[in-house]
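Given below, in the form of structure tokens, are the structures.
Look at the two complexes coming up: chain A is in both, with chain B in one and chain C in the other.
Presenting the complex of A and B:
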């Protein structure tokens, strides 16, 4: 374990960067090897994908399709996420209601929402609405259980103290319950948002005339693996950008408190 | 004075009986309301949008009698189980190997995190070019989807093992191998089950999505085939089958987990 004699902090970091670079080089080498072995028709080369990616960004095509996917994911996240946050807050004082809803929510949480995609296409057509509906169904249950976990983990003493000091129910909800549940809510969104983006892409794969999923499907139909890879790369970047945004937003909302254990309960 | 019990579903204490009755009554009422809403939707929007509950039930019965339901479910499960098995084995063994080298773990972590963000389903059209319309493209997608879940939860489990237990075992002379088996594996079990519980329904779901995109059989094929010919009753029946399948699997996994972890006194915070 300690065959290297006590490396300094600086050299340790340097070594880590070298290791990361080495892993990237190995991956690109394997990828190139696959391209060389099978031909660009089957596996596009990393270089060709990079060029195509830049070209498609420059022409605005990639950004336009990414914009559609992003709009669907964002609209679905808002429409599904806001009620999912509000419901546990509103039902905080009505445990019987929560208990009544419980089996339905657990069922909804466990249900294979992606399998509902054709149903949503029947209901809402092949436009954006069906994708938004799918994202809503995916996001809602994840965020609901995350928020419920956060509300339940609330310190009852804080609430009692506030009530003794004469806080109204509304003040308690706004000043204690909501801020206390923020880490749990964000833990939910961190899982829900990448899943939501993937759901939008899947719905586009099944039936659409725009969006990144359509771009992938279209590329595959034209036997254009470079186009497929470029679109998949864009979708991946979109997921990472969304996660980064979630983290930044959470850090901003939680400026007032020291960092907590990032592992939060997120499901039943 | 404030009624925030540790668990809101907790129905103990005074008046528990009437409360329980209220809860079960409420659930029953909600179920009936949902079915009534379904029927109402079918009547107002027409059968092209909403297949009536009765028609859906009839279709399900017909599918069950003809044996097509069983054939479709088996086709879906075949791919899901195969992908799950491959990904599960690799996803558990890899963290055990990485445990020995902190450097290798650190080196591949960013690559793993980045590739985790790839929407794996989006690779399906390309995989279809490669492997044709058989089980293979679906199998690859399912394997990739499951692998990351199992890998991440197993890894978190290994990191979360109580170091003191390992030191203690070393002191009383346990071998590395014995430590892996007796301490790490046992501590890992809850995480393993969490991963399993998330991953297996996900595997079935991934298979169904794969079948939407390409296949000749399976539950997903049935749903998408029905949609393409505007057979809304077929879509509803297929979705009900998919829903029932996944929820049944969830219930079975929960039962297995309770049985395997019966030595643990209480559920600790191990959910991911």
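Presenting the complex of A and C:
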């Protein structure tokens, strides 16, 4: 069986890499067209950006700034994500509490968090703390609602089966509710993490002396579109790395799930 | 000698929704008892409240009237919040759906009850492995439920209740959703396992042949509101060969009597 399946899978993957390369070529062509039409002053050329990117990597400048942004995004994702997962689990048996909180959670979810960035900077200063606060505010609500949905969608019969076998409330939460909600929790983080990275970059744009957002802002102030593009490229790569990491983690944690419809297949 | 489990004048009606006529009695004045080590089968047409009856015994639902007595002590409650599902691990329940935990392998599903009860040790783990071998699941210990066939899932669901050895096991048409051949195999497996321990079993089914093949005694439920319409001892000696149960002396006569009572 593996004799047949392996080359098929391999050729599929190869085919997808070719498709990706084709899309990149199209993007670069359109980009070059824009550079040619508007001039390098307004739209830096792909080649110049590539050279600058390599230079900034070599000097360590890009990685240093990316490191700041990544630290802010990671800290914010943890500080916002962990309570967002725990809260629906703890409130499972307290629907009244969930109902009381609901309008405020909806408000927090819907509020334009990026508009709070200046406020966070006033409160927490121009250091990392204000950026982390913004990432927390973005990640928390997305993950909260995703987890809540997962907890509510849980098959009540599984809980009942565990109770009949003598599982305590705490054991039900840990052994049934949490693993049952993992797919929904992942769906939440999948949306929240790229938003979180973007939030960190935007907070840096507004006021910071380091980070990828600072590089973007600095480049724009000096009319250096090449620098802006290089920093944005780095931010995009960060998002890709984070998504790749989540896919790997998800594939490991959700081995028990039946294979998804190939049409829906995403990630590596 | 007191019965292990006694059901006394049990009644059940579901809560009436506002603005509707009072809901009818699903079960009314239903009484029977089960002795230690007895394999009791209950036959009834669909909609005769068989699952409701087992849910009340397993304490996942409340009774509206009457009592359930465990070793002579009433254990019934009318308050849904005071229910004790599985009544302190003394009542095992094999439901119609296998309800396996999809994120646990076969072995981990079988060990689940031992884990939550804090009784997982070398001895109980060995017992779990013995049961896995006894029902032909050896080699599939590390498969996830979605990778197993319907019959394998049923076997896993069965032995994960047997492994923690509750004094009473309730079974709610556990083999209803599998094909006829697999069902015969599962029935044979069940009888073989039961012969090893002679647990008290209450097995609910709508299949008269199954009720005869498995039970020491068969109760027939009436249509709603259901109560016991008839009781038949099953004269077929054990061990029984499930695959040619139809040919055994006593089968045809018992079948006819039960069929007449079911209608």
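Keep in mind that, in the parts below, the second predicted complex is superposed on the first by the 235 of 268 C-alpha atoms of A that agree within 3 Å, B and C clash if a C-alpha of one lies under 4 Å from a C-alpha of the other, contacts with A are read in each partner's own complex, and residues count from 1 in each chain.
Assume a residue touches a chain if its C-beta (ideal position, glycine included) is under 8 Å from a C-beta of that chain, and two chains touch if they have at least 3 such contacts.
A quick note: this is a predicted structure, and the numbers were derived from the prediction, not measured.
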{"item": "Touched partner set for A:36, first chain B, second chain C, both or neither", "value": "neither"}
{"item": "Chain B versus chain C as contact partner of A:47, first or second or both or neither", "value": "neither"}
{"item": "Partner, of chain C and chain B, that touches more residues belonging to chain A", "value": "B"}
{"item": "Partner chain in contact with A:168 - chain B first, chain C second, else both or neither", "value": "second"}
{"item": "Touched partner set for A:160, first chain B, second chain C, both or neither", "value": "both"}
{"item": "Contacts of A:255 with chain B and chain C, given as first, second, both or neither", "value": "second"}
{"item": "First (chain B), second (chain C), both or neither touched by A:14", "value": "neither"}
{"item": "Partner chain in contact with A:176 - chain B first, chain C second, else both or neither", "value": "second"}
{"item": "Intersection of the chain A residues that touch chain B with those that touch chain C", "value": "160, 163"}
{"item": "Contact set on chain A toward chain B in their complex", "value": "15-16, 19-20, 22-24, 27, 42, 91-93, 95-104, 107, 110-119, 121-123, 148, 152, 154, 156, 159-160, 163, 194, 197-198, 201-202, 205-206, 212-213, 216-217, 219-221, 223, 225, 228-229, 231-232, 235-236, 239-240, 243, 263, 265-267"}
{"item": "Chain A residues touching chain C - in the complex, by the definition given at the top", "value": "155, 157-158, 160-168, 171, 175-176, 179-180, 182, 255-258"}
{"item": "Residues of chain C that touch chain A when the two form their complex", "value": "58, 60, 85-86, 88-89, 91-93, 95, 97, 99, 101-105, 112-113, 115-117, 144-146, 161, 164"}
{"item": "Interface residues, chain B side, partner chain A - complex", "value": "1-11, 19, 22-23, 26-27, 30, 49, 103, 106-108, 110-111, 114-115, 117-126, 128-130, 156, 198, 201, 204-206, 208-209, 212-213, 219-220, 223-224, 226-227, 230, 232, 235-236, 238-239, 242-243, 246-247, 250, 269, 271-272"}
